[in-house]
Each structure stands twice: as structure tokens, then as C-alpha cells.
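Each of the next two complexes has chain A plus one more chain, namely chain B in the first and chain C in the second.
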Partner chain A sequence: MMFVGAVKFNPVLIQCVALCPVVAATQNLKDAFFTAVAVFADLFITAFIASTALKKVPRFVRVALYLIIGLAIICPVLWLIEFRTLVTLPLIMKIILPLVAVNSATAVHCETFAVKNDVRTAVNDALAAGTGIGVIMLICGAIREIAGSGTILGYSLGLKITLPGMAMPVGCLVILGFGAAALQRFFSEEKNPAHKETGHQPEEVDLEMDDDYGPELVDMDFAYENDDEYAYLLSSVNELIDSFTSGEDESEEGEES
Partner chain B sequence: MADGKTGRGEKSTKIFGDYLVMLIAPCVISVWYYGAAALRTLIVCLLTSLICDFAVSVIINKQYYAADLSALCSGIIIALMLSANVPAYVGVVACVFAVAVAKIPFGGGMRAPFVPAAAGFAFTAVCFGKEVFTYSSGRAFMKTVSLGASLMSGSTLRINASNLIDMLTGNIYGPMGTTCIIAMLGCVVFLLIRRRYSLLPGAGFIAACFIVSLIFPRSGGSVISCAVTELFSGSLIFAAVFMLTNPATMPSNAANKVVYGVFTGIVCMVMRHMGAFEEPVCFAVLIANAFSPLLDLLTDRVRIIFSRKKQREVTENG
Partner chain C sequence: MKIVSDLLITALYVVFVQNLVMCSGLGMSEAIRIASRPGTFIRFAAMISGFSVVTSVICSLLAIFVPSIESSAVKAMLYGGVLAAVYLISAVVVRIASGDKELLGNLGIAALNTLVFAVPYINNNASYTIWNSIGSGLGAGAAFVLAAALIGSGSRLLEKNKHIPPAFRGSPAMFLYVAMISLGFMGFTGTTLFT
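And now, the complex of A and B:
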């Protein structure tokens, strides 16, 4: 379950959740580490509380509670770090870390998994998802710090050429894009070894275009059929949407009655 | 089907072959003005694009289209937008970004949602702003400052017969292959013969830039001379000819093409007025690329709404 949750259904690369903290707070390895710890702790504790105490709470209250629980975890820890230790957090971290409380990974995993399963399963899922997010944050932080400023944890690597663009959000999105492609490629080859030998060649389809360039050809690479990852992702998202819409319906019905 | 002779390969060869023909003139002029330095930058960008295209295709196990000339075009366009004496690694980074990040992951030059050359140049401008916007003087008459920089500083510019000819012939301080307006006009004539519809975004773009610079001049002196200088500075006309005409990123409908060009022009001029870079046209093109599919979508929706209205009217009357 750990491997499946952390790698195969990686929350960042496959489910595309928690992108905001990953992009905003991984400019260097140190920031990435703090954010990863905050996300991990938030997800773990919130999932635990959701699976133990929030199953009978109405959905619209639950989502607000995730935010309050996240803030209750992160803000005191930040206060302790700031006033009781010698660690000085950069200003950007003081802004970003409280915002981690509202990251979409917590809402998705708690709402689609934790409240529907027993404590052990929910905690395992949170551990896997938190590890997946944390590892991606650390990888992004390390690559962005090395490429963007030629340092690692503040120590200079003596690189003559650096790419400051990699320290910007665009750099992180490029890394995430290549990471997602590599992961999908890996599991696609694992599932269908023929792709490994022949390559995944596009199927060509003629389409009409009304300009002067003639017919366009469309790559059908992305026509996923019977793909577990996408079935899982779609079901998670659909469940979440259903949960919200049914919640609205229930509340509307309640108001009417 | 996957070679350069049929299907996608043939189409790509045809379109980017046209671009290559058009790019000959600015290449010759850049070598004429800047000599070996321009040739070196051109060769570095060209080879990097080709090697990167081949290498990434091999790494991701995609069939390499030998006759797909889009990488070649991207390399030359990037080289022409750079300064002649730019360090080689700047060109290499720009071309690698254009090919490996903006072109191949999206399925090649005919499918890339963003103009690869614009993406490569924008990334390089962000990373090496000083190197990219420090130009080589070559044989230029303005040996100290480019037109873009002088407009940015708000200094007064007066156009006379002498410097107008210099501007038209590209004998000014700036990117090595984008300043010769006569060569750009030659390319426009070529496009007019070969693919006239692809000129619509460029026309909208230049018109929007001209009108905005008339309304909000950046320098003192006559408004007309400021607007003309605005058009002749940096890579504005070059982008109108070589980036906005990219078939993969253009909207399909003629009206949308003009809207796309006007939008790019407005964004470009806003960035010229408020942005940090001397030449933000690539950023404007990238922003407009992101909105291009939305334009088509919007037109389709409007078309559907109107057809439904017509149907309703017919049923009500009938």
C-alpha cells in the first residue's frame, strides 16, 4: 500500500494535488524539507482524526474542520520554532507554512479515503501520500537549488553556470512535468512491455482544418483505456464532487423541510 | 507513415521549409553585420537544436523525424534574437529548453501549444538577462544603446532620413538578425504568396502595437516617430513574422487570428511599458499562446448559441 500510495498514485505527479505548496515552497532544499514535514504532519494527523472522530460529522463541516485542524497543528509548531529555538525561518516560509493547512491533498485524502475506512487503513494511506508528497518536494527543492543557485543546503557547489529560471515557479513545473511523464512511462512499460521495445508511436487521424495548412494529425497516445491510475484518479475526484454536491442537496432538502 | 515523406512529416517539412527559406535573409544580414560572431552563434544554436531533437527522441523512444524542420527553425530563430557576441552556453540553454521542454513533450513542432523558440528565448532572458540584452555593436550607427533601451529610458528620438535608412536596413544596435526591416518585409511578401492567412495575427499584432504606442508614447518628441521607433525596436516585427505565424499555436478561424494578434500586441506593449525586460515580445507571445485555444472554443460556443437561436426562430415561425 505504501508503494502504491506514494509512487504509483503519487498525489503530486499523478493526482495533481498539493501543487501549490510544491511550486511555491521548494525553491531550495531547506524550505522544501520544512514544507514536506508540515504537509506530512498535517495529512497524518488530520487523516487520523477524520477516520476516528469525523465520520458522522456533516461533510460541509468536515472540510472546514480539516482547515482548523491543519492550522491547530502548524501554527503552534511555527510559534515554537520561532520563539523557542534558534532556527530562523525565512519570511517566505512563515507565509507558506500556514497555507499548507489548506492544501488540497489533505481534503482529497481525508474526504475520499479516511472518513470511509478504519483508522489503520486511513493512517497507512496518509503515510503513503505524505511520503509521496514529501519525496517530490525534496527532489524539487534539491534540483531547483542546484540548478537555480548552484548550491545545496546553502553550500556552494562551484558551478560556473546557473539557471535562475529554475528557482522560479516555471522551473518547478518543468520538473513536475518531466517527473509525471517519467512515472507514467515507467508504469506504462511495466503494464505493457511491448511499449518498451517498439516505443509508443502515435496513431494518425485526419481532421479537417479551415485554414490553409491542410489536415491536422492527432496523437492518440493519451487515449487511456482500462488504466488503473486514471480510473482511481477519476473515481477519487468524482467521489469528492459527489460528496460536495450530495452535501448541498442534503442541506437544501433540510432547508426546504 | 512516420518518416518525413508522408503525413505529419510532409506537412511539417512543407511549413517549416518555408520558414527556413524566409530565415535565409536575416541570417545573411546578421553575418554581413556581425561577421564570424554571428556565424558562430547561428551554428551553435543550429547544432544544439538538432542534437537535442535527436537525443531526446532517442531517450524517450519516439521515432525521430529527420525531415521535421521545426527544431532547425527554432534554433535559427533563437540565434537571430540573441546578440552576436552572446556566450555560447546562452544559445545552448535556449535551444535545449525550446526543443526538450517546449517542443518534444507536446508531440513535436506541429502540436506544441507554445512557440518553442519563444519559450527558449523567454527562459534564457529570465536566466541570463544581462547577457541576452547586452548587444554587440558590429557596424551599427548607434554603438552604445539599442532602440529598445533608449525607449525604455524615455529619451527623445528624432527620425531623419539617415537614421530611418539605418533602421530599415538593420544597421542599429540590437539583436543580430531581427532589426533589418527590409528583410522582414521580404518575408512578409513571401508569406503573402505562400500562406496569406497566416499573416493575419502579425497584422493585428503590429496594428495594436502601433496604436498603443501612439496613445501611450514612451519617449519625448513626435508621437509618430516614437511609434515608428517602437515598431522598429527589438524583435517586434520579427516576432510578428516568425512567431505569430506558427501554425500550431494560431487559432483556426480568420477573425480569431486577428484577435489573437491584437491581444499579443496589447500584452507586449503593456509589458514594454511596465515590464523589467527591454524586449518582452516572447513573453507576450507565450501568454497569447495560452489563450489561443480559448478563442476557438469561444467562437464555437457563440456559433452554437446562434445556430440554436436560428433553429428556435425557425420552429416558432414554422
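And now, the complex of A and C:
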């Protein structure tokens, strides 16, 4: 489940969530690390609370509580960093870290998974998603810092050519694009190893979920329904948004009945 | 007249010169998710503008009455609290008035995203006036609908394009397409790409 949630259905590359923290806060490895820790902690703690205490709360209240919980996690740490340590955060981090409290990964994973499953399953999903997002952040942070400014963790690598464009959102999106393509390629080859040996291009990319992470647990149909890969993406994203925006709120229904 | 020009200039700046979605990545996940639903663009733009304006104005007024807040953690709690309160009041009103659950769900997406939450920070850091703040709030909604429309129209073309290699179909092609749009918007900022 961890591998499937973190890699095969990576929240950033496949589900297209948490893009703001990834794009805005991975200009260098240090910022990426701080943001990844914040996203992981926010997702993990919020999912835990959602699965234990928020199942009976109406959905429209829950989504606001995710923001409050996120701020309650991040702000004290930010305050301690500001006033009790010698670490100086750049201005952009002082803005981005609180924004993590409203990142879409937390809302989507809590609403589509945590509140519909037991604590252990919800925590496992949060661990997988948080790890997936964190790894992508660290990869983007390292590549963008090296290519954009010729340094790593602030130490110069002595590169003669740098690409300042990599520090911009366009640089991050290009990395994400090629990363997502590599992931699709890897899993299509894993599914059809003969393609790798013969060099034959697979006609379809099958990203069907494993049984242990399937709809019976997730209540989301990620299944690959037709030959059109883009339709797969839209259908999975739309499943998420449908689940998030539709009136299918068990707690509300229960409350009303 | 100055009020109107302040408002318009800030709104245009937020939409075109520093498009918050494309140049900063704010609300990008939501823009991609909404892009496949062209019929909802205007509704989302209106809601995002509404939440941004109301939250910005309240936060600007708080900054006038409580000017000594320097800690970014306290600011975050304040802005987040205002945003959560504005959203909850709107949601309760919608629930009581119409009970439309889809609208209620849309309100959550429109209010609780990084784009709306970032607008008070931007106003505060730029020392915007109330009118500038209203302009940036309106601009945030327009920036969102512009980004969503560009992503949506491009994604439909990508969907039809059979020349895209299989590994790049879907999210990879869309990321690269969004990168190109972002690059276009970065052109307005005069940033250097290569040295």
C-alpha cells in the first residue's frame, strides 16, 4: 500500500494535488525540506484526527477544520523557529509554510479516504501520500537548486552555466512533467516487460490500482476505463473532485435522517 | 478616480503581470481540477474573487487597528482564522438558504485554497490600501479563471493529439503544457532564464 500510494499513484505526479507547495517552495533543497516536513506533518496529523474524530462532523465544517488543524500544527513551529532559534527563514517560507495548511492533498486525502476508513488505514494512506509528496519536493528542490543557481544546500558546485529559469515555476513543472512520464513509462514496462525487451511501444498505460488499495478501501474508482490515457487522468481527478464537491456526505445524511 | 485606477491597476497586475496561478503556483491544483469543467469557471471565479476580497478587506482593516503584528505565525493564525470564519459563515448561509450540496462543496474548494489564503499576505507585504486589496482580490478570481481556461482548452487539444508518446500522455503532457503557459506569463516579469 505504501509503495502504491507513494509511487504508483503519487499525489503530485498522478493525482495533481499539492502543486502549490511543490512549485512555490522547492527553489532550493533547504526550503523544499522544510516544506516537505510541514506537508507530511499536516497530512499525517490531519488524517489521524479526521479518521478518529471528524467522521460525524458535516463535510462543510470538516474542510474548515482541516485549515484550523493545519495552522495549529504549523504556526507554533513557525513561531518557535522565528523567536526561539537562530534559523532565519526567508520571507517566501514565512508565507508558504502557513499556506501548507490549505494544500489540496490534505483536503483530498482526508475527505476521500481518512473519514471513510479506520485509523490505521487512514494513517497508512497519509504516510504513503506524505512520503510521495516529500520525495518529489526533495527531488525538485535538489534539481532546481543545482540547475538554477549552481549550488546544493548553499555550497557552490562551480558550474559555469546555470539556468535561472529552473528556479521559476516553469522549471518545476518541466521536472514534474518528465517525472510523471518516467513513472508512467516504468509502470507500463513493469506491466508489459516484453515491450522493454523488444523496444515495442505499449499501446496503453495501465495504471489500475492494486487490490489492496482498490475501490473497496478507497471508495474511489481509479480504474483505467478506456484507451485514452488523458481520459484516465481526468476521470481520476474528477473522481476526487466529485467526491469532494458532490452532496455525498454520509455524515450529513446521517445527521439529517 | 484614483480609487478606481488603484483598483484596476492592481487587478490587472495580479491577472497579467504577476498571474498568481501561473507565476507563483498558487491554486494550481484547483485550476487543473476545475479546467475540465468549463461550465463552472465563472462560478468559481466569482466565489474566489468574493472570498479574496472579503478576506483581504477584513485583514487590511485588522492591520490598521492592530498594526504591531510582526510575527508571521501570528499573521498566519489571524488570516487563516478570518478565512475560515468567512467560509463558515458563507457555508451556513448557503446551507440554510438553498441547501444546494454541490454549491456547498464548491464553496469549500473556492475558499480554502492557497490562492485565496495568499492574497492577504500579498496585500500586507506590498502595503496595499483597501482599494488595492479589493483590486488584488478581484484579480485573483480573474487570474484563476484565465489559468483554468488556458489549461482546459490546452488539455482538450492534448487529449485529441495522437502523436504524443504514450509515456507523456495524461499528466506529463499537461505539466509540460502548463510549464509553457507559465513561461509565457513569466515573460511579462522580465526575468532572465539563462546566464
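Definition applied: the second predicted complex is superposed on the first by the 194 of 257 C-alpha atoms of A that agree within 3 Å, B and C clash if a C-alpha of one lies under 4 Å from a C-alpha of the other, contacts with A are read in each partner's own complex, and residues count from 1 in each chain.
Following the convention adopted for this analysis, a residue touches a chain if its C-beta (ideal position, glycine included) is under 8 Å from a C-beta of that chain, and two chains touch if they have at least 3 such contacts.
Since the structure is predicted, the reported quantities are computational estimates derived from the model, not experimental observations.
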For A:I133, using the defined touch cut-off, is the partner it touches chain B, chain C, both, or neither? Pick first, second, both or neither. neither
On the A-aligned overlay, A:G177 touches which partner chain: chain B = first, chain C = second, or both, or neither? both
Looking at the overlay, what does A:A114 touch: chain B (first), chain C (second), both, or neither? neither
Among the partners chain B and chain C, which is in contact with a greater number of residues of chain A? C
Just to be sure I read the superposition right, which of the two partners does A:L99 touch: chain B = first, chain C = second, or both, or neither? second
Would you sort A:G165 into first (chain B), second (chain C), both or neither based on which partner it touches? both
Touching partner for A:I49 - first (chain B), second (chain C), both, neither: neither
Residues on chain A touched by both chain B and chain C 161-165, 168, 170, 174, 177-178, 181, 185, 201-202, 204
Contact footprint of chain A on chain B as seen in their complex: 1-2, 7-8, 11, 15, 60-63, 89, 93, 101, 105, 107, 110-111, 123, 126-127, 195-198, 247, 250, 252-253
Which residues of chain C touch chain A in the complex? 22-30, 32-34, 36, 71-77, 79-81, 83-84, 87-88, 91, 95, 101-102, 104-109, 112-115, 117-118, 121, 125, 155, 158-159, 165-176, 178-180, 182-183, 186, 191-195
Provide the residue numbers of chain A that touch chain B in the complex, in ascending order. 161-166, 168, 170, 174, 177-178, 181, 185, 196, 199-202, 204, 209-214, 216-217, 219, 221
Touching residues (chain side chain A, partner chain C) in the complex: 13-14, 16-24, 59-61, 63-64, 66-68, 70-71, 74-76, 78-79, 82-83, 91, 94-95, 97-99, 101-104, 107, 161-165, 168-170, 172-174, 176-178, 180-182, 184-185, 188, 201-205, 228-234, 237-238, 240-241, 244-247, 249, 252
